[in-house]
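When the chains are written out, they are named A, B and C in that same order, and each has its own residue count from 1.
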Amino acid sequence: MLVVKDVSKRYGDFTALQQVNMEFNTGLYGLLAPNGAGKTTLIKMLATLITPSEGEIQYNGKNILEMDEQYRDLLGFLPQQFGYYKNYSPKQYMLYLAALKGIGKKEALQKIDELLDKVALSDVVNKKMKKFSGGMIQRVGIAQALLNDPKILILDEPTAGLDPKERARFRHLLTELARERLVIISTHIVSDIESIANEIIMIKNKQLLYKDSVEKICATLNGNVFETTIDFDYLEEFRKKYVLLSEKQEYGKMIVRFIHKGAPEMEWNSVPSQLEDVFLYEYRDVIEGEE
Amino acid sequence: MMRIIINECKKALTSPILIALFILFSAFNIFVIISSSDHKEELKMVNEIIDQYGKDITDNSMERFESDIQMDFAELSRMTGSEFTSVYEFLDGLRFEDQEKYNDEQWEFFNRLQLKEMYLNTAKSIDESYGEIDIRKTAESEIKKYGLSGNAAETLMNEYDKFSERFDEMVNNGEHKQWFFAGKAYFMHSFLFKTVFLHIIIEALLLIVLSTALITTYEFENKTHLVAYSTKRGRKLMKNKLLASLAIATTIIVFLFAITLGTFFTVFDYSQIWNTSISSAFNWEYNFPYVAWWDLSVGTFLIGLIALVFIVLLLFVGLTFALSVVVKNSYITFFSIAALFIFMWLLPSFMPTSSILLFVFAYTLPTLLLAIGSSFMGSSGLIMFENFEWMTISCWTVITLAVSFMSYIRFKKIDIS
Amino acid sequence: MRILWNELKKIFTWKTMLLLLFINSVLYFLLIEFYIEYFPNGSEVYSYNIGVEMVEKYGATMDENEFIDFQKTYEDKAEEATQYLQSREDAVGNGLDTYEKFQAYDWQNSSQKASDLQGDIFFESEIDLFWELQEFERLIDFYNYRKSIPDVLTDNQRARLNELIAKEKFGVYTEIAMSNFKHFIANVGVAILFSVVLVISPMILKDRSRGILPLQYTSKKGRNLLKTKLLAGYIATFLVITGLLAVYFSLYSLNNTSMFFKVHVNTFIANESWYDPTFFQFIMLCVAAIYLIGFIFVTLSMSFSNVVPNLVSLIGIQIPFIVGFLIFGLSRLLPYMISVWNPKWLAPVSYGSMIIISFIIVYCLVKREKKVDVLM
């Protein structure tokens, strides 16, 4: 069990995370937040790359920094961007990392074949990586994270660069993996995790906002999400009044999906809330600010 | 366009290490100059002589000079109570215990008189010393010294024949009969144009190669190449990088020269010397006086050397640029340029001593830079050729332009991944 | 072990090896070739030959009886020279019919004919005998002055020189092999210093700028990897130095100086030293010093490599250190490390403090790496 206890992280004057608490058990956790919310900071702390300014992270009651290699032996990590040696083949590269992970060569060779097969790279095992596409590199990254059969698997934006087919395969792989280990996926693509995550974690204003199942998080907006059809000319005004989630053009009119907390009007249809709705609603300032 | 160049320049200007190196180098140069300035007071004597008797050594001025010195001798006799026709006579005969008999002011007088006498005697012996110079013999001894034969010996001999004409012309013009710091005593020509200039050259070269390599490879080493070279400006950015490198190099050269030479001329008084010919008989440090191919004054010579150094260093920007665009790695670029520099300098020593190639392969930028103090001189051994400087510069300008252009054209076509 | 092997492979890429080869060939021709190609240089050959003969005849030292024999050899040669002079009309005609007269002649104010004769003997006809005699005379002079001590000395130096005289360790053998070796080894030191720094410097920086650190530091090995990288750096240094020394010393063997190896350093002219190893032991001492210098500067390189932002800074920051060492340190700490003309404590204290500083640097590096935030 992985516990984040009162953790803050500051870089000089800038605070990236403040007093964050959370617990992870076996299962798949989706870390959902817009860019700059402190997602990567949290993940890097879980991966021991940076140290908390305050508080600590424990695994089964022990500080992960004190556990040192004992902890990292349980860890599989895929950074958002990671380096590789251009002149190495995936096999050489993974052999190198296997050595770092303390896996015997024989064992590693077998595991590497198996994993590269799993990520559909078995026909380029010995090709130099400098000729690889972004998606291929990303799949090598996923494979290397699994090399040591980790108990804790942390993936930062793992689906970047993957095509829809690969994404689907990857989701399948994840559910399978999460059955007996802790998997944390950071992403801002809701659909990647909506269907498979046991729990979703949302960070807002440097602090934990939600950590719950998809259903429960969606329930917070139950009865507040509506759809209706309006005139195109009316859209501007409508936008000012309500929190718009999506808009779609149909037969010269607009179908809008929006949130309203209060009494609904006659022509509105109440619809079941979805994770994306919560995301858009909660981060509306951040998102608008970004635009 | 201008904004791009400024942005590129910033990459070098904001590199703390380059700034630190620049400061360190400047401080070192100042230290070198100050620590060799023991004789700076004595040097003022030449300025005084020129002030009083003019820069040319003529019969008339010599007469005046000599009669003034005679008066000084009279003064010396009055002080010491015995007759002397030379201050050396007095000093040689001076016993250790008698030294304290004279006060500081008197010693100052002795020392000044000693200097004046030294200059006078050297001036008197000019005709004799120059009469002994036989250019043909010099040529023969050079040929023997380097073991030249065949074509090489012939070529050198021909050039020395040409130089012989120039030498006679120079003597007739009386270029050598002008006051300058006594070479054998102070070695000021070597100190300024060899020691100090070499410091500037090596330091500037290091900074320039580093900054050019930094700017040109910046995008690749910071992994911004995919973004940068796919912008509207695209691969033409490399042109801006070249311009930026040239601008940075210019800045480095200007400031390094300004600081170093500024210190030099503050410490050493050259105020009356500027118009003296560089071929002055006093500018005679080793076996042979410095004799230029043209009638150059010290000032013109200095400007000429600065211009040479400036051009050659800018050419090195081009060469570094060409190489780093190909290898895309500043580290390899730096060491390759360093090794190439030495290699080109060594080139002539790999050539047979009978072949004219021996001279041809000396027409390189490193040879020019490292022998900068002998530029424009006919008295500089195997690179004494009259056309050495301008030929080297023009050939290498063409070569540099060609390789830079080729490497740029290649860069426009290669895959960037 | 496998990790170490991997790190080593990253250091020895073919590009680096090519560059190493290129740099070393250039430096060889610039710095070293002269001391191999031109040994003995010109008239030094007489000194060399006489030196070899002396070692063969008298062994590692020359005692008084042996010196008498040496002088006898000289006199025999002088007699030969006299015979030669008598065979030349131009010599007899100028009154230079014996070598004694030839030697005593006032060459400063010589007549034209006499100086023509001298020029012919030494430079045109190049009579070996006369050159040899000059060298004999030089050596005999040194023998005669073997017990004199120069004026300007510190107390320690004077004490050491007196001690050497008391132990009868006189500098009477020709110094050319020794001075040739000193030049050679100093320049080999320069080439090797550049080589190791060139090869090792970028290693750590490359992994950092490639962004491979997050993967390395989250593996089981984790931040301890830095220690392995340092170790790999030192091993690579050892390999590069050993390889280059092997090459350069096999070139040095062409100089044929092995007969002097058993002679003690103080026995060579003008080689007064604080200690008295044999020439061979001195060579070994220099080799050890080169290894030490290499390791010290590689430590510096690797620590810079771990902190600077880019390759240009990596080169730039090392320039003052290396140039400073070449100007102020190299000759004092390599060829002249035991010379009495440097303080006795200079080399041991310099090396000692540089080693201590290296250890501190390594300690700080490893400690810093344990905590530092990996931001990339």
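Methods note: contacts are C-beta pairs under 8 Å (C-beta built on N, C-alpha and C of every residue); 3 or more make two chains touch, one makes a residue touch a chain.
Fair warning: this is a prediction, and the values are worked out from it, not measured in the lab.
Taken pairwise by the contact criterion, the protein chains link up end to end in a single open path, with no chain closing the loop. Pairs B-C and A-C differ in how many C-beta pairs touch across them, and the larger number is found at A-C.
Chain geometry summary: the mean Cα position of subunit A and that of subunit C are 63 Å apart.
Centroids built from CA atoms put subunit C at 31 Å from subunit B.
Interface residues of subunit C, counted against subunit B in their complex, comprise 15, 19, 22-23, 26-27, 29-30, 198, 201-202, 209, 308, 310-317, 319-320. Only residues 15-18, 20-21, 24, 206, 210-211, 213-214, 217, 221-222, 329-332, 334-336, 338-339, 342-343, 345-346, 349-350 of subunit B touch subunit C when the two sit together in their complex.
On subunit A, the positions that touch subunit C within their shared complex are 44, 47-51, 68-69, 72-73, 75, 77, 79, 81-85, 87, 95-97, 99-102, 105, 144, 148.
For subunit C in complex with subunit A, the touching residues are 2-3, 6, 10, 13, 207, 210-222, 224-225, 371, 373-376.
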